[in-house]
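My questions all concern the structure below.
Labels run A, B, C, D and E following the written order; every chain starts at residue 1.
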Amino acid sequence: MIRLKKILKEGKTIIVPIDHPIEGYFRELEEPRRIVQEIIDGGADGVLLRRGSLAKTYDLVAGRLAIVYRISGATFTSGDMGDQRLTSSVEESVRYDADAIAYTVYVAHPKENDMYEVFSRLVEEAEYYGLPVIGEVLVWENAKVDAFEYLRIGVRTLGEEGAAIVKSGFPSDFSLYRDLVRYSIVPVIAAGGPKMDSPRKVLEFVKAVMDAGAVGTCIGRNVWQQESPSKMIRAMKRIVRGGASVDEAMSELL
Amino acid sequence: MIRLKKILKEGKTIIVPIDHPIEGYFRELEEPRRIVQEIIDGGADGVLLRRGSLAKTYDLVAGRLAIVYRISGATFTSGDMGDQRLTSSVEESVRYDADAIAYTVYVAHPKENDMYEVFSRLVEEAEYYGLPVIGEVLVWENAKVDAFEYLRIGVRTLGEEGAAIVKSGFPSDFSLYRDLVRYSIVPVIAAGGPKMDSPRKVLEFVKAVMDAGAVGTCIGRNVWQQESPSKMIRAMKRIVRGGASVDEAMSELL
Amino acid sequence: MIRLKKILKEGKTIIVPIDHPIEGYFRELEEPRRIVQEIIDGGADGVLLRRGSLAKTYDLVAGRLAIVYRISGATFTSGDMGDQRLTSSVEESVRYDADAIAYTVYVAHPKENDMYEVFSRLVEEAEYYGLPVIGEVLVWENAKVDAFEYLRIGVRTLGEEGAAIVKSGFPSDFSLYRDLVRYSIVPVIAAGGPKMDSPRKVLEFVKAVMDAGAVGTCIGRNVWQQESPSKMIRAMKRIVRGGASVDEAMSELL
Amino acid sequence: MIRLKKILKEGKTIIVPIDHPIEGYFRELEEPRRIVQEIIDGGADGVLLRRGSLAKTYDLVAGRLAIVYRISGATFTSGDMGDQRLTSSVEESVRYDADAIAYTVYVAHPKENDMYEVFSRLVEEAEYYGLPVIGEVLVWENAKVDAFEYLRIGVRTLGEEGAAIVKSGFPSDFSLYRDLVRYSIVPVIAAGGPKMDSPRKVLEFVKAVMDAGAVGTCIGRNVWQQESPSKMIRAMKRIVRGGASVDEAMSELL
Amino acid sequence: MIRLKKILKEGKTIIVPIDHPIEGYFRELEEPRRIVQEIIDGGADGVLLRRGSLAKTYDLVAGRLAIVYRISGATFTSGDMGDQRLTSSVEESVRYDADAIAYTVYVAHPKENDMYEVFSRLVEEAEYYGLPVIGEVLVWENAKVDAFEYLRIGVRTLGEEGAAIVKSGFPSDFSLYRDLVRYSIVPVIAAGGPKMDSPRKVLEFVKAVMDAGAVGTCIGRNVWQQESPSKMIRAMKRIVRGGASVDEAMSELL
């Protein structure tokens, strides 16, 4: 898959998502150009975003960051974010110079099979244009299921259906994360989840996911809600690319 | 987006909507040709209307006003105006020489994700024909939610999904309007809402939304229910284009 | 045909073509934006141009001039300008906000039937999008035929195939022009041909074609090679719209 | 059907499926390359798998095993595995060098007719490319029906619709299996079902289905959950190809 | 045009072509990976190449150089390099992650109108995918024509048909080059032509074309036949981007 080289450089990646406004109000995202500039300055590999933010920042992004174009969504205001709809197409993704597309499947949601079917079709269409698909797996919060087991099956399933990379959350018992990654048939990148207490906590998390076998991170809030997002990315990069310790990485934040 | 130049002249716009009959009886709209002539005489940039009124007035409108073709709707008589349906297509819009299409999403409505999905698809189809999409955001009145927060998220979401312009109402606490506009990723135009007490009130409203960062207005009733709609438009234009004060604008109404 | 109103205002039209660079070097067309501004200032109804000049001037043209998009061509440098090829499509024309498309058929050219077939298909496709087609008729100079008779048949033929307007040259014996126009089934506009000796000659020509029944002109060189193209257009307009005499029209050039 | 010769060698076949991760967690499938190597070493005829596992093992598989590409699926986590969706296309199957495609129909599922319709269409498309279709028949577990009768009708139906081979489970009363096979209009291969108590039980099962008229097996868990999958395959092959007794076959496991 | 930003950085560009093997034997192109590495090290903006060399070097190029994919060609060995044929498609170009496509028209060639027609169609198809087209203009050497006038018309014509950039040779009377560039409606980049006598001569040429209004260069032989191609690119960049004098640029070659 030709464009994958632009995302997985030397097999590792740091993608910063800014596709959150559909989920609520985020003060920092009032200025997508400022955040994107920070992402570039920090040396991230890619940015994950929607149509509007891409249009607003393309001149900055072009040739500097891989574009991961999110083409699924459900609004927070609808009350069911698990009901993901396709919001674009493979052809539009190509038109917007995407280097990969991202699609989310909510495992255990009543419409899971619909999302799964759309995902499968996307993979085939995207391959025609040489476009990798990043599958995101989340467990529907209203489902009463074994969240770890469902997450693990979901991660593997999207890999079996042709995801080039799977983005997943992590189990509440973090020690199981290694098992999840091992069962995946394609590289796994870690979602960041809610704001953590301190920059050190973020870096400890990055270290932990890399140690557990992830190939990188797709962390948003815990990057762009820092005082200096670019410094945070540089610190993360020390760990993701350089295998540095948390202490070593912390030196980038001084 | 090629046709946008015809709507946002020098970055500002006055659009006058006459798409109201689906919502009730409006005596003034018994004579769409007379109202359209007033809109032209007043020097507005565009008119927002449905299929029938367009057919009835095209010979007046052609080459004089940008055509904003409304292609969603739900009837007042149905009891649920939040259940917006697609009433036309991008191809028909092109056939009718539309310069933009308008589609409404009711935030917090049980079918919000359906509207959101249709909107996303429209944006892609419309771009193929070089047609900008104006997204209108309203909060479903039956929802028990924080209306300002939902409106703000809705405005940003339609921008993220590719609206060229977002038309929105305003929060009951008007002082928050500026925050809403700032969070938007695309230009915002202000809907006019119910009839105001006096022409001065209308102009004060126009002044307030422009000061808060809007790029124009999409005001119907408060224009064509005036004694002289064309004079009212000229007065509004003094503010929107010329940055005049309310007092200065009032001079157009004498 | 909806967009036709923007070209034939009150049934008359002045279109200025700037689609000539394919035919040779024209010093004035080094600055398409300057020429387009003159065309606007002169108050012409439309401009006829190709893809590149349209892209270069759209912001000026939008909402001010009807766009007649030329979608056929053959290069001067190829040695056979009669071998017209289709250079765009109806869908692209819509995308570029064209108000009409122009296609040329060279009568008596060995490939005339090919051009005729393409023209017929274009008319059908264009009607689907509400786009009028302007058919241009020229007699291939290498053909040994009765030029007037061939021109007259060509003009009628494109009308029969659905041209909204036919643009044609004129017979060497100008007195026959009235016969040609009378035989046409749709409105005829007059091409301008090579540079004339003086501005008065141009206006006399305009007067003559209008007297003979044409509904307007599509004159390029004799407009933009004048000292003041905008003044020349204003003078032409006196005749075309106002029915003025040549002397009256000349007053615009002072 | 051209490629069928690569699956049914001398009219018999051993296919090993590894398409299970969509149904749950299987420790052995953490290492698809190891399992595929065992399948090759054991001398199976083919492997049945999904997109991701195929991509992961293609270099091993190519020229050594027939590729049976599964192009239907429904997730365990969705709660309804009977709601099979199409996950690929015939053209992609060709692109991936499949020797056959596998599609599942759940008999008595509320959407059975949908699956049946897709299956019929697949057969026609696949024939165009010379690709055999293996139809898998399962009875939806929530249906209150005569499982044997429904299975028997299902097996025959897919044969009538053009399956080259039908894969089916077996009735709880095994003595009826012979009747089921006899009613089929195309060769039947036996699915393996849940893990059996011992290797001997597996071989007894293989012997029984072959005696009942099946042409081979499509057994997964009972192969790759053995200590030595390759030895198990060799033992099965003694029976399937050589007509050996269970005792004779057991000698391969020593 | 979205991808154009990756080629015209700050409005200027250095593209190095290695698409020459179709024209003869070039010892340096025995090692495309080495040459591409030099192009990267020198800091060029893009590389222009054909299918095979792209496949051979993609892992180096990805994310480091804009890919200009040549999709026309005629062989030297055929005896008529002016008879350019289409060698790929827009869709394949997208699949190969091209940032632009390059197509050549030979002016005054008997098949010029064919090339012109293909070019026009390519522009429209490419725009659908957001892919800029670089038009190359050459005058057919067998034609007895005014080479400068034909080149100038050809350059303008491809711009009119929608080229994003035109690549052209230069007139034998170099003083006319400025006139040619001025007549173009889109940015012009300079082809390099045959090997020059010394590195200084190359830099003098680069200085001259930039002074005449070109936005960059597309020079092959005079780059990769230097002792150190990367140093030569750095020297050229001093002029193209930095506006340096030839003497200043020469310092990069020490």
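Criterion: contacts are C-beta pairs under 8 Å (C-beta built on N, C-alpha and C of every residue); 3 or more make two chains touch, one makes a residue touch a chain.
Keep in mind that what you see is a predicted model, and the values were worked out from it rather than measured.
Both chain C and chain E are touched by no common chain. Seen as a C-alpha superposition, chain B sits on chain E after a turn of 180°, to the nearest 5. With every chain reduced to the mean of its CA atoms, the largest distance from chain A is reached by C.
For the touching copies chain A and chain E, the fraction of interface residue numbers used by both exceeds half; the interface is of the same-residue type.
Centroids of chain B and chain C (each the mean of its C-alpha atoms) stand 38 Å apart.
Separating the centre of chain C from that of chain D, both taken as means of CA atoms, is a distance of 69 Å.
Residue numbers of chain C whose C-beta contacts span two or more other chains: none are found. Listed by chain label, the pairs that touch are A-B, A-D, A-E, B-C, C-E. The touching residues of chain D, when paired with chain A in their complex, are 19, 21-22, 24-25, 29-30, 32, 50-53, 55-56, 73-80, 83, 85-89, 92.
Of all residues in chain B, only 2-3, 5-6, 9, 58-59, 62-63, 66, 91, 94-97, 128-130 touch chain C in the complex they form.
Within the complex, the chain E residues that touch chain C are 107-108, 112-113, 116-117, 120-121, 123-124, 127, 145, 149-150, 152-154, 156-157, 159-163, 182-183, 185-186.
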